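Okay, so chain A shows up in both of these, paired with chain B first and chain C after.
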Partner chain A sequence: MSACDVVVIGGGLSGLVAAAAAAERDKKVVLIAKGVGAIAVGSGSIDVLGYEAGGKPVARPLAEMGKLPSNHPYARAGKQATAKAFEFFLDLCEKGGFPYSGSADVARWVPTAIGTLKPTCFLPRSMDPAPLEAAKAAVVVGFRGLKDYYPELIIRGLMQVPAYPKRFRTVIVDPEMAGRDVNALDIARWLDTESGRHACIEQMLTGIAPGNVVLVPPVLGTVPNYGVLEEFEKATTCKFIEITGMPPAITGLRLYDLLVSEIKKRGVRIVEHATVTRAVVDNGRCTAVVTHGVDRERTHPARSFILATGGFYSGGLEAGFGSAREPVFGLPVKVPESQSDWSNAFLLSGGAQPFARFGLDVDARLRPTDGSGKAVFENVYAVGRTLSGFDDAFEKSGNGVAVVTGYRAGTLVA
Partner chain B sequence: MDSVTVVVIGGGATGTGILRDLSMRGVKTLLIERGDLASDASGRFHGLLHSGARYAVTDPRSAKECIEENAILRRIGKHCVEKTEGFFVRLEGDGEDYEGQWVAGCAAARIHAKRVDLKEARRLEPHLSRRAVSVFRVPDSAIDGFRLCWQNVASARRYGGEVRTYTEATGIERAGDRVVGVTVCDTLTGAVDSIGCDHVVNAAGSWVGRVASWAGIEVDVKPDRGVLIAFNHRFTNRVINRLRPPANGDIFVPHGPITVLGTTSSPVASADDNVPHVEEVLELLHNGTELFEDLPKYRILRAYAGARPLYSPGEGRAASRDFTILDHSTDGLRGLTSAAGGKLTSYRLMAEKTADVVCRELGVKAACRTAAEPMVEDPPRRLVTRARPFFPPYGLDLAASRLGAAFGPVVQGLQMHPEERRLICECEMVTLAEVESAAREPTTFNLGDIRRRTRMGMGTCQGAFCSLRAVGALVSHDLVADKDGKALIRDFLETRWKGIRPVLWGDQIREAEFQREVYAATLNLDGTAQR
Partner chain C sequence: MKGYLYDSDRCMACTSCTVVCPVAAATREFLGPKMVGPALSRFRRPALAPDLAADLCSNCKNCDISCPSGVPISTLNMLSKAEYYRHHRHRLRDWVLSHGQLMGNLATPFVPLSNLAIANPISRTMLGAFGFAGRMPLPAYVRKTFRKQFRALRQQSFPQKVVFFPGCYIDFYDPGVGLDFVAVMQANEYEVVVPRGLGCCGTPMVANGFPGAAERAVRRNVRALQEWTDAGVPVVACCTSCSLTLKQEQQELFDVPGAAELAARVYDATEFLLELRDRGKLKTDLKQLSGRYLYHAPCHLRDQGIGRPGFEMLGSLPGLEISDADAGCCGLSGSYGFKGDRYEVAQAVGDALFKKVRASGADAVISECGTCRHQITVATGAKTLHPISVMRRAFE
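Right, the complex of A and B next:
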């Protein structure tokens, strides 16, 4: 096997962006992925920084970053890289035919499946909440049997939002999937078909009128383009807004497909269904990683390695009683001495959870450090949720950190 | 002001058993409970219907009571009992002398304990420790404490018995040397009321002393805390007991898709604290690993704690698990009876003895019939056949047992609205129709109430998927009145979190991170609003 420049470990958002950024610089990149990462758990919107440490909403995320502590991944990546990373991301989406819009310095509030609003920054056009903010009334479309999406719950919540419409009505579309449980992916695949789109439009037209603002679950096709959205808009002359919801998040999967096809275009080789089981190290450098795939062990030598394996959910961090570790390189993960200090008394406590901030400490070049602050390996970089120092769920910063640190590492590798 | 003949304070197994007993004897009875039924010890134990073998050496009288009540409950309560049988397992290093005493104790109590060939035992329970040297089979069973209480109530209602949950007794009203009523407070609205009655039964479990003190009477019930761990696998099909003097962490009980490991024993000042500590969990895991060597690799769902109400001299497990009925006319107050001590397995007997005392004082001649009549009738076979298309194969019997008399109406509803067959909770196979049925009960106020009726949210995902679905479906069907849907979801997740937090490592921390990604990062259930 010929050696490459960079091996990226992990196929989630941070790994994909890292691979794209390295490939953009003409590096020969291999991306090793176990699965699709947490990208299908989130909604595909790029949340940058929704809340400051005290729990106050952040109106201007980019400006707020200046106040973050020095161990926060945004602070590690630096202001310049942060701005460039978002530019790079927007450019990728544009080139892939699925443009995102937004700014890292303007918080946008998108409706969710429980009727709350959540702060984010960059969105696909299908999730743009602007029409809803301007409307006097709106329609919420539901799908019979779709079990993670309830129009009445959404309406009940949105009615409480001061600047939002106070008049909502619902239209229920029957996807004719009776007899089995239905999730958003089933509906999205139905709308991938021409007959599905026609049936859906026909049913919607019984309850919507030209000019309406229509909220839908994230089901407007599985493909990263605006084909279904545009067809719906054209047939109904309505504005459609996809709401964020429970996994599987189709909007997240679309972003995944887009990024995978973009990195492939840039020559990145993807090794799928492979788990990196160990690293080969020599004198402060990593020389290769070893994967265990469906068939046999393989060795992947490279000059640099980007660790984008995620947090506890994705397996990039592992915890036992009283300790936590990073399983590929065996890098240290600091935890409080007492187990009761790992978490707050409430799950959704209105503050950061200690365990959510567990991860790898890194230097200014995103290289994991030992207790003394010195890089453990000169050619290993860590990105995304694997990093310590931020609670993405509380801050609403997960995808933003993934994009920024992924980009930064991609530009640092030799 | 309402008026009944008897008010029972306490909605655990004992209280609901007394309600059923008195109602069946024709006494107009109302049960009041400050939370939901079975929300304390009767829902916070290992769910073991003892054969009595555990007490064969230390407490022969309890052993005998247990085996008799075990036989009765397996008959009258078959929709809340799973007849698993149990093993008593002696490991290398456990005293052989104790085994001899135990065998003799079982024989004396008439508990059928039969030696099982080791090879056969390993075939039946392959995960059991290789260090097992003796295995005996006994008629232990698994019992669902939540369902037991509700089925007692369902049976009592057929005889006119009534229940008010989320109604806390705050005082006993007396006229001279007689009880004339109780004052109550609605714990949800804060509304205060009083209920007139001729007799009050104090079945408040660990809080019996508190209730008695309102009448100026001292009853010394000591709460004794026990911690348990629920695992995400059914790694044993039988109740497994360690064959040695009763100690911490030596009982495993399978329940549906999970297994419960218990318990610890420590005296506590108050039974209100039911959050487990990490140290207690570690002790259980340490001891449990001796019976199941792979235990540290199994995924934990949560830990929980409850309190045994001990009434007797002595402390902790060494004290008798016996019960005592206190007729307080000997204390100079007529019309108050306390049911003190006891344990779940013999709750029915305790209820019978209490009802005997109450009836004697009321001059009621009817005899107890609770041992003869099943709590819930079997569903007619025709109904089961009609229901079959709407449930997953394994879920059908579960639903029929859970629903009892409500099974018929639920099936009827499903025939009209087949889409309501969809599973709200995949872990425990709970359909939307069943969730709605529980939500329509006048005693249901939150998702926790639905959980205890249906087991929704008790499985692998610990509410990650089903809480949004349940609230969404209930809002859609106008079944949550003016309650805030977001608050319902949050309260449910936070209740589950209490049990996850003491075991936050391994796959539990994975699940917690996932829950936060969904409910905090994606749905912003935690953040403040924009303006």
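Right, the complex of A and C next:
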């Protein structure tokens, strides 16, 4: 493979942002992706810091970061880089034609498809819950046959939220879909078509009135822009809010397509469907990484490497009995000696899971360290869920850490 | 055989494949790769009645490309199709479409009569009755196959050798691509060898549920290539479905001794040339070219885990303006889009690409895959080229 400045290993959110940040500095970047990251099927909202370690909600995420332990990825990245990372992300979305709203200063609570609220910070404009907070009544639009989306369940939950209206009604749109089960992607594709949008608007108008606030599943088109939203708002003079939903949650797909297209514009070369299995190292430096297909190995030389392979779910970390490791570089992952201390036995207790914090320890430049705190390789950086010291599921910080550490590594690589 | 690759339990039902599947996007009749591949395979294990859920799968492999857990979803689909046809009769049409080599051997001696026989209005109606898509013309046979023309060619002899695997499309329909490859290699001081006994790579047979015929094709090719593989000579194909089969699919599906050793030597032509360029082994005094081109990456190239070497090579040729269409699958998928009951799906899949091509105003569309080029030309009227044909102009 042709030599380049930076190889990014992993095509999830942290890898895409790292590639964009490095390419922005005119680095020649190759991004190697095994598959698509969780981002393509997720909500696309950037959760920054939703809960303290004790479970108390965080009102001001950016201010709260000052209290985090020094091994938390936000602390490692530093205050200045964190702020710049979010600016960079917002700028990317703006340039991609799908501007996000929100800030890391204040937590936004957004409704979900099971009628709960979740704390986040940056959102597509179509997911901004502000109109709901200002309304006296709201409409929940459902779609006949749509899986994992039940207006009654959503209303029952949202009625309990003090800031929300107490009057909800339901309008059911029939997309007249035969064949397999209907998911949000099917509806979004239907609304990509002019005839689908017209039919949907016509059916909604039987139950909504000008000025209504209307909650819909994440279905306002598959393309990263606000075309469908604007058309709906114009045709009905209502405010529409997309609720976060189960995978495939189309808002994340829009962000994924936007980021892939933005990094391609910046000259990043993407190698799809390739798994990096090992590194070639020489005297404290990595000189190349090696991909392994069914056929043979291929070598990808570069000056710097960004490890964005994710956690246990995506194979970026591997757990065995009594030990865990990072498989590409063989980096150490610190775990409690007794395996019974790895997990919280009460799965549904609402408490955190210790294994969720397992990952790579890094120095202030995000380079994985050995037991003594010294960087193992001078030119290898780790980002996103590969890192230790945070619990993305419990504290609701996964995408925020991905953006911040991805950006930071992209600005550090030589 | 790398049978461990079939483990459907590595699927965590994340829906990534559902999101990227072009067939699922085009028709609601298809249950989608997650359901048809890993989910249903679990039920197939205890030998339940074989089902046809996978029949709408075109084997384009976008599911495999997207899977974050490395599940070979399309291969699970092909296995289930094969199992179904172990118990059910095939359609004659599917036999014809998957035995291109035999059909080519029969038809070529009678060109142009054989082309007239398949392209006239009466026979097209008859083909329609047999289940072919009346609106999708089959590519026309050439009078002289690539192999015939190659045998008549006088190459300059060089110590560096490379084996060329022509495949059916280049052999019977598009021999110019193979000749362009030979010319590029000669210009870079390589001698091209086409061993006797090479045939179809087997992928159309796999896609149409003829695993036995496919395995026989694989065994024949592995045998024909063995002396060259043993000698460490690279084996290069200009067709990305052939190279994907030789590298990967034949190892996933069959237990053929020598297949792994062969796979380790197989290259897509543009991959091979890019590697030579990076090692400083290619001629550097290139001719100035001109023209504005649109590039389409075939799915079976994207699946190979090598990026887009052809696009990268073309981008570095002097004077060439080239942009990536980046518009997904063309829809034809080898034999799929020629079928009457698949034609609409295939056209819907390719629609985004066709729109890009029409809007581009490019001089030609460049793509490695012969059937992608055929689909693009039929749908849009655009001129199409294999990257190697453009490279020939720069190197000669």
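As a working rule, the second predicted complex is superposed on the first by the 401 of 414 C-alpha atoms of A that agree within 3 Å, B and C clash if a C-alpha of one lies under 4 Å from a C-alpha of the other, contacts with A are read in each partner's own complex, and residues count from 1 in each chain.
What we mean here is this: a residue touches a chain if its C-beta (ideal position, glycine included) is under 8 Å from a C-beta of that chain, and two chains touch if they have at least 3 such contacts.
Predicted model, so just to flag it, every value in this text is computed and none were measured.
Engineer: Using the touch definition from the top, say if A:Thr299 reaches chain B (first), chain C (second), both or neither.
Structural biologist: Neither partner.
Engineer: Applying the touch criterion given at the start, work out whether A:Ala178 contacts chain B, chain C, both or neither, answering first, second, both or neither.
Structural biologist: both
Engineer: Please indicate which partner A:Gly37 is in contact with in the superposed arrangement: first for chain B, second for chain C, both, or neither.
Structural biologist: Once the two structures are laid over each other on A, A:Gly37 reaches chain C alone.
Engineer: In the overlay, answer first, second, both or neither for which of chain B and chain C A:Ala3 touches.
Structural biologist: In the superposition, A:Ala3 contacts chain C only.
Engineer: In this superposed model, does chain C or chain B come into contact with more residues of chain A?
Structural biologist: Of chain B and chain C, the partner in contact with more residues of chain A is B.
Engineer: Under the stated touch criterion, which partner chain does A:Thr237 make contact with: chain B (first), chain C (second), both, or neither?
Structural biologist: A:Thr237 contacts neither chain B nor chain C.
Engineer: Scan A:Thr193 for contacts with chain B and chain C and give back first, second, both or neither.
Structural biologist: Neither partner.
Engineer: Tell me the contact category for A:Thr291 with respect to chain B and chain C: first, second, both or neither.
Structural biologist: So A:Thr291 only meets chain C here.
Engineer: Of the partners chain B and chain C, which touch A:Gln353 in the superposed model: first, second, both, neither?
Structural biologist: After superposition on chain A, A:Gln353 lies in contact with chain B alone.
Engineer: Thinking of the overlay built on chain A, is A:Glu272 touched by chain B (first), by chain C (second), by both, or by neither?
Structural biologist: A:Glu272: touches chain C, not chain B.
Engineer: Once the complexes are superposed, what residues of chain A are shared between the chain B interface and the chain C interface?
Structural biologist: Common to the two interfaces on chain A: residues 38, 41, 178-179, 247, 313.
Engineer: Please name which positions on chain A make contact with chain C in the complex.
Structural biologist: 1-3, 30, 34-38, 40-41, 177-180, 183, 185-186, 189, 247-248, 253, 261, 264, 269-275, 291, 293-296, 298, 313-315
Engineer: Which of the residues in chain B come into contact with chain A in the complex?
Structural biologist: So the residues of chain B touching chain A come out as 278, 282, 418-419, 422-424, 432, 465, 468-469, 471-473, 475-476, 485-486, 489-490, 493-494, 497, 500-501, 504-506, 509-510, 512-531.
Engineer: Where on chain A does chain B make contact in their complex?
Structural biologist: Chain A residues touching chain B: 38, 41-43, 47, 50-51, 55-57, 107, 109, 112-119, 144-145, 147-153, 156-157, 161-163, 178-179, 181-182, 244-247, 249, 311-313, 319-322, 339-340, 342-343, 345-350, 353, 355-356, 392-394, 396, 398.
Engineer: Can you list the residues on chain C that touch chain A in the complex?
Structural biologist: Its residues touching chain A are 2, 5, 12, 14-16, 18-20, 25, 27-32, 35, 64-70, 247-248, 251-252, 263-264, 266, 274, 278, 302-308, 312, 324, 326.
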